[in-house]
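Pasting the structures here.
Next come two complexes built around subunit A: one with subunit B, the other with subunit C.
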Partner chain A sequence: MAVLAPPPEPVVAAATGGNPQGWRRRLSGRRTRFGLLNATPVVIYLLVLFIYPIFSTLLLSLKGEDGGFTLHWYADALSGTNLDILLITLRISAETSAISLVIGFLLAYWITRLRPIWAGLVMLVVVVPHFISALVRTYGWIILLGDHGLVNETLLALHVPGAPFQLLYNELGVVIGTTSVMLPYAVLLLYAVMRGVDRGLMAAAASMGAGRLVSFFRVYLPLVAPGLVNAGILSFILCLGYYLTPALMGGPKQTMVASLIDEQVMKNNQWNGASALGVILLLLTFAGLLLLRLVKSMSEAAKNRGAA
Partner chain B sequence: MIGLRNSVAGRVVLAVISLLVLVFLGMPIVLILVTSFGSDALGSFPPESWTLGWYQQLFADGSKWPAALALSATVAALTTLFSVALGMMAAIALVRSELPMRSAVYGLVLAPLVIPQVVVALGLFLLFEPAAMLGSPIAIALGHTVLATPIAVMILMATLKGIDERLEDAAASMGAGRLTIARRITFPLAAPGVIAAAIFSFITSFDEFFISQFLSSVDTITLPVQVFNVLQFDVDPSVTAVAALLIAVAVVALGLVSVVRKLGSGKDSGLLPVETGISGGDIK
Partner chain C sequence: MKDTRIDRRLFLRGLGAVAATSALAACGSGTSRSAGNSGGTSSKTLVVRNSGGAYGDANMKALYEPFMKETGIEIKVVNANYAQMLAQIKQGRPQFDLIDNSMIDFVKFTKEDATQQIDYDRLKNAKNADIAKNLLTPTAVGKNYWGSVMAHRTDAFGGRKPSSWADFWDTKALQGNRGLQHVDADIPELEFALLADGVPLDKLYPLDLDRAFKKLDEIKGSVKKYWDTGALPGVLLGRREVDVSTVWHGRLNDLIKQGQPLAYVFQGARRQSNGWAIPKGAGNVDAAYQLVDYSLRPEVQAHFAEIYPMAPVVPAAYKDMKDEVSANLLGSPKNLETGFDADVEWWVANDDVVTKRWQEWARV
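Coming up: the complex of A and B.
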């Protein structure tokens, strides 16, 4: 806490009335040194405990049993059951982010229509679960969705045909669980964008004869599209490497990549194979982030064209 | 459905769907809180009779929970220390200085938020295994710090941006030294943000599962790992009480943050600093 701000030079400079250019350069040099001094610890920390470990994972995934270079682990990871697991991971992530987007959109839109005090309360219901351990919430779902859980008991009491349903240890259970974890992200991201939409634009469209559907699709949707893309891709990425909920709420057919990595390290001592899977997850994440960038710059370019 | 937004029916449908979604988000949490006081820990809802038995069992002789709780608290305290110290310096560098390659540094600091945790955990495992540090609370805390630091940095950056630098300049013009300025002006203004960063670092670590799982040994099992093991392998109904305690810790922490921020700023600046961070699209 000792050095919170660069030393106050301006007073001295003003008093001597010296050359302002030189003073500015001196000050800027000081500010740069000060910044470097403060940034160094975190940069070194992350290089050692974040970047270096990821690089050693990459190296390990390319190293054969004889120590030479090989792509064998990737071939392994992308064939047979491992490939199935990767595809299941992609499918569950896609389903989760699609459902999160749709219901997140409805909820966020509803919140923007509420009075501020109610909006605040509802946001509390969205945000507080977000900060409660996902493990605990998953456990709650396991109790809720069991054969004798509240959901099935309610459905039985309502004489819903087919009840009780199998809601756990299948894909439905996993998607319910992961969606409840990813949904708050989607709502927060969408709400931030929707709050910024100028309602006057909708009124303007209506005054010029646009029907509700037209003004929704031609005015509102394009305005909130960046938020939709953001929320969709982020919840997809976060889901890709997700472990807890699929491991606890899925059956053997819902094994996701993170579970496979865990199994290879903990049970099979197969670090190279686990590393290759990790790198594949990483590349998928980067692809998602790149796509996010691309969409962002495209929408900015479109906006600039519109302005010009 | 938006097309119907002006009609009463459309509004009602939207409200009903939204309320159902809120129930969807809140129900697992409410269920655990209620069930933890029910005499049949895994059964009917609402419980037929009430008991504190599960909570008493947690601290009974031979229970494995107190050790796990103590370990998690130690690791979380260490993580808080590391990530607030690193985060404060990083935030100062990012907000209050001319940093070369600023956006690269900022990207590096936030990257752990979007990189799959299993990859981070695997990398840390490969780092600590040869060093024979698996199972060391320090190793787990060092790992958790990677995840907690970005959150601390976001909160502290917002805090520093909110402090008017002219106050410091004014103090300086009246002859205050650097230490005096830090102690009398900057620190009191930044305190609520520092406390919020500390609390969020603490719960990030306290609830973290994957890194703890990869870096744990037979004798060092954190609370979430223990809960996971119980859920996956053996049935121990007192796990419901542990889950309820984890909920309570998170809710108390959030409550503390909002009280501190209210006292600090005198105005309501939103419950959660992270909320603005996440929703502001700061992640990428």
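Coming up: the complex of A and C.
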């Protein structure tokens, strides 16, 4: 929580000009009071269903077996196999977000160049598989990626050296699975940004003698950079807590933190340890969001410098 | 026991909703039940708990319907889970009179003092019927065998067929991928490792954990997938992802019927059983005993096995069966000899420790 709290403050300070009197004046307005009244249900809702559970999780993670305060569960979560699982989770998430970005970028770029009707159709193809039950999708993956699956059979027929490759029940299998899940998010975010890019700018760059590569790297990429940062960090964060695909498409070595939490609660009845892991996951998510904010403010500062 | 991972997960996600509905259901049926009692009709209604799904359907067809026809007692079915049942029994007024569940859960119920002592004088079909002693416990009566067996592709290993757990472990002679059950699905398969290491069938328990995990180390490199849902071994074997795997017996029957080259191996099969128990506070104990007794009739047992791949516990049920039918049932006289019963008491006492150790073993 503490991590998230600081960023909004500068914004508020900027809005009120850092003047405490401005705050008071605003609060005394009838409209504001009415607005606050309207906000009460939401505030209560959040307090009861969001803040309270998170704080009780936090307390649970700090409670020793004798009821006293302890950091034992965090030490436990950050050592031995549990630490390995945390690092594996981070690695798989990083790989997933990197690959989602690359494929998502190409896909979104291609979609922006299609006619709207085709673009809609392609978006549908990207998104629809996620409405299918996870179990059916897993069997689909087995048919596609198994030792005798479509991919390996094709590679064998083409006499690709090294085939058949093991594409399931290892880290590769998990990353393929999680990437397919995160891809729609990446595509949707990038597509929205790319649609807003004025193609005339590329033409202008070309007219001034820039080659295709130069205009891509120096004009197009900076324009879609905010979308790239958003999409990358979003898929990273989503992947951190992801659960089903790693369990279905990985082996026991690809256990991710969410599965570990499930095991601790459902199998070992170990709520304190699970809470500590949950809090760590939450902090990692906040760290990701913080990073997002930092990158944004940095790029804005750079832009301002450029304008000056 | 056969709940899949995903089912559990959905359950976890909808925990709030489930809790709310079960509370409502408990209230609703509680009142309807007491109304029924005051109306004096309760002796004509028996509420049975089972786990639902295909198993529930098979019970309805092979057991409940003929029973209702014969006795005029109406059977109602509920699908409460372990925690819900326990909570209702503890409150003193369970909405069910009879529980159909795995014997391993009944050990837990007995520890919680939630089930009644069985009066075996009221079960004439259990007397001298030669039912295995471990299925006639003070608080529960076994009903159908199920269990874990080995299954393999008949076209793998160049025509050689694995016939024992030692063969399953022999990755040099029988090269190919293996499948083992994940600890999330059920109690882990340590017994198979011990059998492969030469422990005799009747000397398995208490399990030698160090020896079992050491033996499991040997095969780890050949295990392609630890399956966590009952349907997965069939898919893995069918797609040639693995050549030999453990599987819950019965799960491949349809694939074999369709002509897939798959076969079970009954040598060293681990049997478990579903059974009956009467909760404390049950409203219609008489009818409960009637149904339990009815379910142990040899012809009823045999009929159930035709509909659902669980095996009769009453030996007489196999008498009029064709050999090829009884050969495919875990409780047939021949398969009883080559397999063993999971010691559910031992597992309930040691499940936590073994589960934790298995998880750590699998991850390294």
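We adopt the following convention: the second predicted complex is superposed on the first by the 232 of 308 C-alpha atoms of A that agree within 3 Å, B and C clash if a C-alpha of one lies under 4 Å from a C-alpha of the other, contacts with A are read in each partner's own complex, and residues count from 1 in each chain.
Here, a residue touches a chain if its C-beta (ideal position, glycine included) is under 8 Å from a C-beta of that chain, and two chains touch if they have at least 3 such contacts.
Since this is a predicted model, take the numbers as computed values, not measurements.
K.L.:
Of the partners subunit B and subunit C, which touch A:H148 in the superposed model: first, second, both, neither?
P.N.:
Both subunit B and subunit C are touched by A:H148.
K.L.:
May I ask you to decide whether A:T81 touches subunit B, subunit C, both, or neither, giving the answer as first, second, both or neither?
P.N.:
It touches subunit C, and subunit B stays clear.
K.L.:
Please work out whether A:L135 is in contact with subunit B alone, subunit C alone, both, or neither, and reply first, second, both or neither.
P.N.:
both
K.L.:
Can A:L36 be said to touch subunit B (first), subunit C (second), both, or neither?
P.N.:
In the superposed model, A:L36 contacts subunit B only, not subunit C.
K.L.:
With the two structures laid over each other on chain A, which partner does A:T255 touch: subunit B (first), subunit C (second), both, or neither?
P.N.:
A:T255 contacts subunit C only, not subunit B.
K.L.:
Applying the document's definition of touch, where does A:E263 land relative to subunit B and subunit C: first, second, both, or neither?
P.N.:
second
K.L.:
Compare subunit B and subunit C by how many residues of subunit A each one touches, and report the one with more.
P.N.:
Tallying touched residues of subunit A, the top partner is B.
K.L.:
Output check: A:V122 vs subunit B and subunit C. Expected answer is one of first, second, both, neither. What do you get?
P.N.:
Once the two structures are laid over each other on A, A:V122 reaches subunit B alone.
K.L.:
Answer with first, second, both or neither: which of subunit B and subunit C does A:W73 touch in the superposed model?
P.N.:
A:W73 sits against neither subunit B nor subunit C.
K.L.:
Would you sort A:F236 into first (subunit B), second (subunit C), both or neither based on which partner it touches?
P.N.:
Touch partners of A:F236: none, neither subunit B nor subunit C.
K.L.:
Need the overlap of the two footprints on subunit A, from subunit B and from subunit C, as residue ranges.
P.N.:
In subunit A, residues 134-135, 139, 142-143, 148, 243-244, 247, 262 are touched by subunit B and also by subunit C.
K.L.:
What residues of subunit C sit close enough to touch subunit A in their complex?
P.N.:
Residue list for subunit C touching subunit A: 5-6, 8-9, 12, 177, 182-184, 224-226, 228-229, 231, 235-236, 239-241, 352, 355-356, 359-360, 362-364.
K.L.:
Would you tell me which residues of subunit B are touching subunit A in their complex?
P.N.:
Residue positions touching the partner: 1-6, 14-15, 17-18, 21-22, 24-29, 31-32, 35, 42-45, 85-90, 92-94, 96-100, 102, 105, 108-109, 111-112, 114-120, 122-127, 142-143, 145-146, 149, 153, 165, 168-169, 172-173, 178-179, 181-182, 186-187, 190, 203, 207, 209-210, 213-214, 224, 227-228, 231-232, 239-240, 243, 246-247, 250-251, 253-254, 271-272, 275, 278-281, 283-284.
K.L.:
Tell me, which parts of subunit A touch subunit B in their complex?
P.N.:
Those residues of subunit A that touch subunit B are 1-8, 10-11, 28, 31-32, 34-39, 41-43, 45-46, 49-54, 56-57, 60, 103, 106-107, 109-111, 113, 122-129, 131-144, 148, 150, 153, 180, 183-185, 188-189, 191-192, 211-213, 216, 220, 230, 234, 237-238, 240-241, 243-244, 247-248, 257-258, 261-262, 265, 271, 274-275, 278-279, 281-282, 285, 289, 292-293.
K.L.:
List the residues on subunit A that touch subunit C in their complex, please.
P.N.:
81, 84-85, 134-135, 139, 142-143, 146-149, 168-169, 243-244, 247, 251-253, 255, 262-263, 266-269
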